[in-house]
């Protein structure tokens, strides 16, 4: 009983987790973003499943129809999809700039470069004049 | 001119002085004239409060409420007035001395120095006249912060280290314990204003009160009770006038004064006696006295030795306050005054020696009495005052402290006080004696040569003479303060 | 027009943003932005007065009654936060022109101001709305603009910081989305007040618990509460100085507001604090955050980064307040919300002046600053003292309330730890003081920051002192707000 | 039947997701992501969420793969196989997953008509929208009127994203490449078939966009979908006939202005209602009869949405392809150079100047 009534949610959860895993574990920035997409899209699927009503029709009023699926989640998800694509676009743009700046889109390389830069700058400062005694 | 506006004036003069000093920064003489005038004006104003106070008038000022029920307010009460009198009087002298010293020593940033001097004395006034713990705390912190640059005046690494310890301990204790205790008191008693007989309801649990008392005593780091005394020797890196101000007048006295005031007006004698913690705090104070004296014995650097002697003497005052008998309280209050005069003289002498003879170590002082007779005489008198033997005012305070221990049957402490007095003889008296009768020294040859050692610049000499005279005067006429104290307790 | 105040608060900057794009000329755009921000400030002041006088205001968007339409609901809490955000934004903006000239290419400046306004509007929208999903939308507006703003930093690290923040922020936002979804699923409504009415009957449902968990974690990500703070230091230290000042003063505050709103209004105090061990959780997280972050701050050589960590620590204090959860404690939190905005606003603006002159703000730049930039350094010192919680500064006020709250509840340990935490602040502030006053400058030229930056910075620093002495406004408002918050949670 | 379809789709989604996570070729991953979008669109269809399906198809299977591909063209196609933080990730995912699963236990049954979600607010929309707003597509009426403010927010979000991308990728003085004309984008356009097909296609696409735009009240669709379709058509044009050709039609500046205009149209429509003392976004103020007012309002704001979405999408496409051509220009001009000129060169140089300032 629980199976037939909830399998939808469970699959959705599985999808979410795959997405989340990709976001965290993948070292490649673009792959992270794709993961983020999957994560969000599966949330959308969850919402729409919530809006589902057995035997309900698409929420466009037509004569002689009384049972419609819940329009509210649809509206919310329309907004959410837009937000999602907005985020993706921005993230990808960032990735491009990162590639130009670091010459790589692998997390490891970037972190390595970071540490290098940090060390370089501190050495740079080590050479500044020593404190004066009065 | 009515009294409350006098009080206002007493609080504002230092600020006016600050402004004046900043404005006249360019022209040294004017600047220092301003300092001197301000100092005298302040002292005069405070003296004007004396008589009305004794006539039993309530002189109070209410500035503003910081938080509902927490006001920046001031009220003249006997002990506070006593402290204010001493501080403001010694400020004049110290300023006088400082002028001589700073010029003789060619220090940098003199304007900053004098400005902060003014601010710190202002803070002292705030502490002295505070109507409640909150106001007191505010000025306590102000004092800490504005003396920090004075301590680190030299700006060297050593100074910075000293400053760190100074600030670390004073801020740490005040924020960690003192503030906590204050807030707890506020929630417990519903008020923070000082009242004769204390503010705690009779049914407050003794345990809680003990905790509070401990927090207070440790929280007031300026009282330099071991183990929170380290800042005092550390602050020795400061220029001597600062040391004088810090270790004789402003900071340490503020500390012990706060302890005294808390014991008397927050807890009240009766409550204090009923608290278990009082007893072992007493022994802690005792231990602090003894240990400090012993350490002082082993210090070769003059200022260091004086610093540890201060630690031990502060122990006396705290101990007196904790004895919770009228004699003890009187003793500790008197000792605030006596020690102030004695110790400031000693520091003046140390400074004079540094300026004139460029000596900082004890053993270098042999035979110096011939070149610097006045200084060394003053040193002798002051030492006697600290030790507490005639012909100096120190006698009185020590007497009352002994009486206090006697009354409350604290034989152990009584013995302890005697021992430490002997110790203080051991670490103070030799210095002047050797200076006079210590025989010749290789340096002797220098006499007659252009670099011959003679007395320090006149202002300094005047200053230390005056304070030394003060020590003697107080033996004959302790009454000035005694009346206040009896009124206060 | 008074009737429309609630929506004007948000719509002004929201409509102004696209208009900026049409103006183009950067100086004009700056003035325009400033004007808009100031107008928003005026509106928020009017709102605060109105709410203080007549109680909560409701505004039905599109004329549809809640829960069918979206409604704005302004009570003392969000009126207060709105005031803080608009006020700080206005002050920060006054410096923008000077500082941005140095830190941004000419052709990016217009875009910068547009993004700034969008971020501003987003934050205001989050605070003003009474609809759970609307929160999400405006959260994303502010977040997206924030990512872009951070990425505008000169250093290439800014890009990496922005990317990291984007990933974490989006995860957080999605978590919030999931939580809201669960809530909608269980209650069928998105209106906060309506939710508050329906949740108590469902307090046993694991779905609602999960919803709470997701929303909580999501907000804490935005709030940079201790274990989830990793994005903040990079973001703050790499972003353009103005952005840092703005974010430090407003963004975390808004996130904290959300936390308060959801825990106390939507879920209700008895659900949040009695069903879950949230109080212990919050207090411990907060304290750990205070100590961990402050300790790390001590070892930072990049001062922007140092203050960023200190921000994490300060968030810790506020969260402790929420955890204790009494009226006094909430008041402490709300006070610190305001006070911390003043401190960090002032401090980061002072740093902006530093960056303007020296092109960076590592500890090495502080050598001899006491002599070369006396006023800037003085500002930093005073701000630092306020951060430490010296009396007569705002820092002291909030600390006082927090400790009183702790002791009232007999949490002596908490009280002591809070005090010790403030001592750590002494450590990292004094690092600067010593560098500035005891070390010789690299070059002894006296080059004070331009007035355009110095004056606003000092305005905030002065506010630190003023509100530390005349505490009536914040204390009264926050007292009323926290009572209201617990009051309507009690129902 | 429906149930089977549902199960099948979900299964496919699962497979796709896993293979995306698995595969190392990002190009394929992007394609799969597109498929994922398409599948979810299908799923939405079976759930009766036609508008959402429409949108997801346009976005999930259209725009976002396109952007990803453009990015890959710049950033390289293959990812390095490394699992950093794999353990942490697994732990985290498991906890979150467990929490979610536990959450499902108290959930109302899937599709249950009496679930709280369907009995509180939603019925009002279903039963009242006709009389209150008077258009058949409930989603549109909720989207545009009941929750019109969310939609306004949504438009602003898109606008924000557009600006963000602009601020990141806009041509800075330091970047070369304006001069270079021979780019991959142009080379494609030599393919005659493509040209013809495109010529034939583009007009109907645009037309369809307009239809979707104005038919939104009656059927699925509306400003957003229309905007996306329009943008896709235009992007197709720019790909086939070259960026410059496209820019000649709609210059960069124009696109920016339009994106702002859309938002303003929406906002001002909302503000109009102040005039007659109504609340923000209360369209009933727009005409004597409130239903007519709603109708007008919805048409206008949908237009605003359409304009903004279309122009932002086009702007983003411009910026991405602009990067692409710069890249190729650089590769063409300075191969000898290790790091490509432009952003990195600038950033490093500024780094330098920073440190000079310090030293």
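Note that the chains take the letters A, B, C and D in the order they are written out, and that residue 1 is the start of every chain.
FYI, a residue touches a chain if its C-beta (ideal position, glycine included) is under 8 Å from a C-beta of that chain, and two chains touch if they have at least 3 such contacts.
Keep in mind the model is a prediction, meaning the values are calculated, not measured.
**Q** When the mean CA coordinate of each chain is compared with the mean CA coordinate of the whole protein, which chain is closest?
**A** Central chain: C.
**Q** When C-D is set beside B-C, which has more C-beta pairs in contact?
**A** C-D
**Q** Roughly how far is chain B from chain D, centre to centre by C-alpha average, rounded to an integer in Å?
**A** Distance between chain centres, rounded to whole Å: 74 Å.
**Q** Between chain C and chain D, what is the separation of their C-alpha centroids in Å?
**A** That pair's centroid distance is 30 Å.
**Q** For chain B and chain C, let me know how many angstrom lie between their CA-based centres, rounded off.
**A** So the centroids are 45 Å from each other.
**Q** Using CA atom averages as chain centres, what separation in Å is found between chain A and chain B?
**A** Chain A and chain B have C-alpha centres separated by 65 Å.
**Q** Give me the residues of chain C that touch two or more other chains.
**A** Only 133, 137, 140, 144, 147-148, 151, 156, 178, 184-185, 190, 362, 364, 438, 442 qualify.
**Q** Check each residue of chain D and list the ones that touch at least two other chains.
**A** 100, 104-105, 107, 115, 117-118, 121-122, 125, 147, 150, 153-154, 157, 160-161, 164, 168, 343-344, 347, 351, 355, 358-359
**Q** Residues of chain B touching 2+ other chains?
**A** 155
**Q** For a test of understanding, state which residues of chain C touch chain D in their complex under the given definition.
**A** Per the stated touch rule, the residues are 1, 3-4, 7, 11, 14-15, 17-19, 21-22, 59-64, 67-70, 105, 107-108, 111-112, 114-115, 118, 121, 125, 133-134, 137-138, 140-141, 144-145, 147-148, 151-152, 154-156, 178, 182, 184-190, 205-211, 213-214, 358-360, 362, 364-365, 442.
**Q** If you look only at chain A, which of its residues touch chain C in the complex?
**A** Within the complex, chain A contacts chain C at residues 16, 20, 23, 29, 32, 36, 39-40, 43, 46-47, 50, 72-73, 76, 79-80, 83, 86-87, 90-91, 94-95, 97-98, 101-102, 110, 114, 117, 121-122, 125, 128-129, 131-132.
**Q** Could you please specify the touching residues of chain D with respect to chain C in the complex?
**A** My answer: residues 99-100, 102-108, 115-122, 124-125, 145-150, 152-154, 156-157, 159-161, 163-164, 166-168, 170, 172-173, 256-257, 259-261, 263-264, 267-268, 270-271, 273-274, 277-284, 343-344, 347-348, 350-351, 353-359.
**Q** Note which residues of chain C are touching chain B in the complex, please.
**A** 385, 388-392, 397, 400, 403-404, 407-408, 415-416, 419-420, 422-423, 426, 430, 434, 437-438, 468-471, 475
**Q** Residue numbers of chain C touching chain A in their complex, please.
**A** 133, 136-137, 140, 144, 147-148, 151, 156-157, 159-160, 162-163, 166-167, 170-171, 174, 177-178, 181, 184-185, 190, 301, 362, 364, 367, 438-440, 442
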